[in-house]
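The structure's right below; bear with me while I get my questions together.
Note that the chains are named A, B, C and D in the order they appear, and that numbering of residues resets to 1 at the start of each chain.
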Amino acid sequence: MTAATDATTKPSPVVDDAAKVPTAPARRARGEFLFFALRSKKFLISVAILLVLMCVAILGPIIDPTNPLAQAGLPMRHPTLDPGNWFGTTYFGEDVFAQFANGLRASFFVGLLGGGLGAAIGMIIGFVAGYRGGWIDEILNMVTNVFLVIPTLAVLLVITSYLQARGVMFEAIFIGFTSWPWAARAIRAQTFSLRSRDFIDLAKLSGRSGWKVIVFEIAPNMSSYLFLTYILLFGGAILIAASLDFIGLGPTGGMSLGLMMYNAVTWAALQLGIWWWFIPPGIGIIALVGALYVMNVGLDEIFSPKLREL
Amino acid sequence: MQVGKSRVLALLAAASIVASACGSSTATPTVAPTTGPGATPTVAPTAAPSATGLPATDTTVYPRAQTLYTSGKQWGAPSTWNPLDPNAAMGVVGLQYETLFLYDPIKDVYTPWLASGGSWDSTNTTYTINVRQGVTWSDGSAFTAADVAFSINLYQNTTLGSDLFTFVKAVTVSGNNVVVTFQGTPAYQEWNQDLYNMPMVPAAIWTQYNNENIFKFLNQNGVGTGPYMYKTAAQDRMVWVKNPNWWATAALGLSVQPTYIVDIVNSSNNVALGELLSGGLDLDNNYLPGIAQLVSGGYNITTYFAGPPYMLAGNTAWLVPNTKKKPLDDPAFRKALAEAINPQNVVVKDYGNIVAAANPTGLLPVWDKYVDQTVVKNLGVTFNTAKAKADLKAAGYKVGSDGFVTNKDGSPIKLNLEVPDGWSDWMEAENLIAADAALAGININPTHPDDATVVNDEKGTSSAAPTFDLVINNDVQIGSTPWTYYDYIFRQPEIAAGPARNRNYEQYDNAKAWALVQKLDQTLDVTAMQAITSQLQTIQLTDEPIIPLWYNGEWSQVNNSVWTNWPSDTTYHVQPATWNGYWQMGAIYMLTNIKPAG
Amino acid sequence: MSLQVSDLRVYYRTLAGDVKALDGATFSIADKEIMGLAGESGCGKSTLGNSLIRLDGRMKYVSGSVNLDGAEVPIWDRVGMIPFRFREISVVPQYAMSAMNPTRKIGMMIAELVESRGTEFREIKGELERRIDLVGLDRDVLKRFPIELSGGMKQRTVMVISTLFDPSLLIADEITSALDVSTQRAVAETLVSFRDHGFVKSMLVITHDVSILYQIADSILIMYAGKLAEKAPTSTIIQQPRHPYTQMLVSSLPEVGVRYANKKLAGIPGSPPSLLNPPTGCRFRARCPLAFARCVEEPPFVEVDTDHSVACWKVTGTDA
Amino acid sequence: MRRYFGRKLFTYLITFFVAATIDWMIPRFMPGDPVAGLVSQTNGISPTAAQALADYYYKLFGLKESLPAQYLNFWNSLLHGNLGLSVYGHGTPVTDMIMAAVPYTLALLIPAILLSWWAGNTFGALAARRKWLDNTVLPVGYILTATPYMWLALVLSFVLAFSLRLFPLSGGYGFNLEPTLTWLFFTDLVAHWVLPFLSLFLVMFGGWAIGMRNMIIYELESDYSRYLETLGAPQSLVRKYAFRNAMLPQITGLALQLGVIVAGALVTEIVFSYPGVGHLVFAAIQSEDYFLLQGIFMFIIIGVLLANFIVDIVYVIVDPRTRVAMRGGTA
């Protein structure tokens, strides 16, 4: 009876023994993990992509230390023309690859930090609101709603106008603090419907603290859902950052994939046919975010046997 | 069934736009001009064309061959058509409302327009305007000397705050003439400027609006004398339709070619460029990156000059130092800074040769005759890193451990150079400038906060003095007189910080210079003027209160696929621009000269 | 003879290899018989129950045959099994509490389920309501959502649903574990009454709670580590069990109602062997106080008395 | 039930109040004087003129009153549906400008959202059913949902509009047309609408498809699905239930994604300079028109709040679990 579903939905018959129920299958799952991980095409492919991107982001600027904002060749050079600028050059003769690598770095950073922050806040609020319900729920709900509808763009405008220069760090933190509401709402909704399941009641009956129930009963039950949430926030953060950069609220003086597109557009790369200026950043974001999503499903199938069977 | 649903949705969507768009064309608020006696201002302009033998086509579709598409002036949705409001829609002054004279900066000549002539008396104390006869307003009523007198007086409305009211004493009608008398010596330069900037409006309609709320009168679909009349406006466009009864056709044998002029609100440079390349736009007065490549790119696009600098010079871009701050309060340092910067870098690397480096005085080419070349030769600053270093050393600025010069007290120097975020060409320029300065050991930190912050740092507020170190500015446009240029640099007394501070940002304080500027204003004779400007240049090039860098182009690129025979140095020489004031500076001739292609 | 299972082997596919959860089961259930199936958790009793109606993704049919009312039951055949499910063989699952679609009114759900099995709902509605009454539920549970019912009510509703087509065999899997003692008794009695009303011909009651079986089962089958240990009429199992494991199981029954599912058996050191590669011979011998040399051989499951079969050399040793 | 919605309503009112207040602060507490920015657009005029102009605008926007007075005025005019005057529009009422833009945005958003939601859910469900679909639709879905709106917009306009000239490059309707209820104008309108719609639709579609696919798989794992299968219910029924239940989180998702979607519309409209709200926001940012921003964001706040409230109601209607829990919760 190794099925995760079996273990998590089975009412634990002996009161003092309840704690074992969720943990036991978890242990086994860990054992199975590697085995299936190495057999999941989705997982392997996405991990491969992420590793490649990570190498580019980390090693790229080291191997090719070209300053992304400095003139590194003739302007508007087609990728095939100069070996020095194998991604071509921008309108100013900046090296597109240098910009791409540094931009990718920024994206990873924003995703990890912004997404992580958002997920953390979202889970805490979502769980508590959904599990406790009542007035706590009402209040947290209110907070969430406020954050949900506050025009973050406007807030960003106010904040940035006080900063002479905005960094990627700032952008990431800002995104983290503004992107959690939907996650909180989603997690709350899930928790809400789980709350009324018997095994939760039982756990409650067994007099376990709310936190224990959340951590050991609810969270494991929606772990893959939580992971999906984090992945979405991770990717979301990257996409939001790109949008911010694109409307000209991005990091000043730095480089990011969104900024590349912004510059490409303001400098009419489209009309001048400098496609190699705005195609790479898009591909980069898609590859990065897409790989994250695919990996999520891969892991999903690894964790949950039922999916494997499909 | 689901597919059906989607179709319905699409329909609903489109329908809702149709509704809204139809609404939006009339959504712009209008103040119904209450009809004064004898005048019936509310003429439906769409009715006029069909009534007067214009192509009786559906006037809601503009045939491409008869329509001129322009872009560049309008940054926001057209929202007021009040010719006295500096924010009036493109063409309100020039196409709809006209001025007494035209001024051609290239030839430096005034052409009588709504005035058939104008002259100073023997003592140069009163000015007589001969009002042109046979001119009619677009509502059919006659244009009279009374209208002229009214318009001049209206122009003294303090809300509009031209300086006119400070020196005009009286405006009197005598027959078909209008006689203007002045307090003391007339400010000739300003008056001449006003002659081609004052819009003539019908007294009958405007009398009631001559108060401090004059800007509240939006005057949509107003009554003017010009070659075009209001057709329609929307969030993203301003549309003019030809005035079939334009006086100049009979009087001067001039006829504007396009039946419709559609001015497209700038959404962003690149969209404009796209439209231009695809032939959707005939005349584009935006700064477009890479135009040099496009001219040679077989897109049928031309500019005023076939080669560099491609554009006429439109204004001067300066590096403005805050002379109230150390070390920028030291002329020696400012000169060294000027020597350290190579404008040619900006010209080539940033603009790809579509602009030209500025003369050391910064005076625009149209004012060349006011430049004293000997003064320039003796005092003029030229790019020379070595000399900059030497001069800094001589002035007592030592080089610190980081290789940058320090203040005389040894404290480090770090000058923030601000340009508005998103002004892509200037953002690139500031990097190049900083790089040049660094070579001479001057530490400039290029920043681009948003526009509001720059404006704020530049103007200061009622509570705080200006905080900037260095900014780039190009507020003085070409015009009839170098006075505007020097008034801008030397204006005294210091204007209180705040929105009204729109001159002398560097806060340079020199009473002698200011006296000369005022004298210049009150000088009519060119040689006398040259004498004064020569003295001003001596002061300017000695103290370097402001550092001229390059001449911003009069951005103008045209597509020849629908309209040809555009202004250029090989055809006819007029300003190819749609911005405020340019119609009266000859651009109107562009409309009478262009020809349908093919 | 209603159900006949002979040498049924069903393994679990896992990474490490096949877990021999059900390793050769041979037994039969007579008409009207309620047979209890007991053993420690992990002994394969649920595997046996499930395999009789639906093999889930990781269960692998290895060998053996199942025969219901003389007809072969193709348990290895997903499609072939469908006609048997619900109509011939039905189940009251251990997750009865959450077995009903939470977003559907119960009546509606039943209707859709029944119709999907090709029976007009109205044909069966009357009977359904009678049975709802019978189990002491209010008829309007049909108009309610599952969440509006208490655990016991859900349990009984599911029992009614599962037996709607009067299946020949009903498998009740751990149906009492989630319930408090009084409800357990009620549920147990309901099961019996279902048999008595002929809603089901025979029944397989899977539980780790022998005390329940004591109340309702005609016979009890004890499993240990995937193999049958002992089968006999209830009284026999309780009063004179022969297999050492059964003896301990029963003796450690202080009083009715105590459950010891995951607890180590009192006084039995060690724990059941891994079923990945179980030891040869008697699988209990590691823990068996009576174990002797012979136990290294596989003890056969033989009838030592009428209706009483045991797999232990101590019992059968000499004469086999 | 009433009590429940009473609370909800109250919550939303509070939210509205807080949001509106923050919104109000935007133009007031921005460093820099919006009027200064406005006046500086009209360079060349004399300092006296500049001063006069500035005073005029101060009066127009009521910026010289005390903050409390301004705050009261804000609420007063807000409750009268008046969002103030636009700097960018040189004193045009913000409401007019928004009203002119909103239909364009709605015309993009509503069909894009609903269609992508419907199509996404359908495909997602199908994907969960068929291995081959799962392997074809899903990767596409991931790529789409990982695509930045503006990038897709860029590529679409580069390929379809700029290179192939199949669709107009930008704008809401041709510059050679005046809005009329003619077939010509209508088709032109649609032609301009297609690309922005497409880029929004495609990106969202990917998101919904994946969301649905994952949701439905969780439902198929659930006990009630197992029970039905054990009782030999055909896949069609099991799928039907799973689909209905998987729909619920997707409904919530719809409202929760609104903010993101609006942002997406914003950048898309920028790329196509489509005269909708997003484009207006961009213009407002470019010209530091904080009054206009304020108005637009007020508008967005109200919209999102309404959407959330509607979803709350819908959710309670479609999901009995919440309904019951709600009765318990509020009892």
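As a working rule, a contact is a pair of C-beta atoms (placed from the backbone, for glycine too) under 8 Å apart; a residue touches a chain by one contact, two chains touch by 3 or more.
Every value quoted in this text rests on a predicted model; they were computed, and no experiment measured them.
The greatest centre-to-centre gap from subunit D, using C-alpha centroids, is found for C. Looking at contact counts per chain pair, the maximum sits at B-D. Each chain gets a centre from the mean of its Cα atoms; for subunit A and subunit D, those two points are 21 Å apart.
With centres taken as mean Cα positions, subunit C sits 92 Å from subunit B.
Note: centroid distance subunit A to subunit C, computed from Cα atoms, is 46 Å. Separating the centre of subunit B from that of subunit D, both taken as means of CA atoms, is a distance of 38 Å. Residue positions of subunit D touching 2 or more other chains: 30-32, 162, 223, 270, 282, 286, 319, 321, 324-325.
Multi-chain contact residues of subunit B (touching two or more other chains): 268, 274, 422, 450, 452-453.
Listed for subunit A are residues 9, 161, 193, 196, 248, 265, 270-271, 306, each touching two or more other chains. Note for the complex: subunit D touches subunit A at residues 7, 11-12, 14-15, 18-19, 22-23, 25-26, 29-32, 128, 131, 134, 138-139, 142-143, 145-152, 154-155, 157-158, 162, 210, 214, 217-218, 220-221, 223, 249, 252-253, 256-257, 259-260, 263-264, 266-267, 270-271, 281-282, 285-286, 290, 293-294, 296-297, 300-301, 304-305, 308, 319, 321-322, 324-325, 329. Remark: subunit D residues 30-54, 56, 86, 88-93, 96-97, 99-104, 106-108, 110-111, 114-115, 118, 122, 162, 165, 169-173, 175-182, 184-186, 189-190, 193, 197, 270, 273, 275, 279, 282-283, 286-288 touch subunit B in the complex. Listed in rising order, the residues of subunit C touching subunit D in the complex are 53-54, 81-87, 90-91, 93, 95, 98-104, 112-113, 116-117, 145, 147-148, 158, 161-162.
Interface residues of subunit A, counted against subunit D in their complex, comprise 5, 9, 133-134, 137-138, 141-142, 145-146, 148-155, 157-158, 161-162, 181-182, 185-186, 189-190, 192-193, 195-196, 224-225, 228, 235-236, 239-240, 242-243, 246-249, 258, 261, 264-265, 270-271, 275, 278-279, 281-282, 285-290, 292-294, 297, 300, 304, 306-307, 310.
The touching residues of subunit B, when paired with subunit D in their complex, are 2, 5-6, 9-10, 12-14, 16-25, 27-29, 59-64, 67, 69, 75-77, 79-80, 85-87, 158-163, 166, 212, 215-216, 232, 234-237, 239, 262, 264, 267-268, 271, 274-275, 278, 280, 422, 450-453, 455-456, 458-459, 461, 475-477, 484, 491, 495, 498-503, 581.
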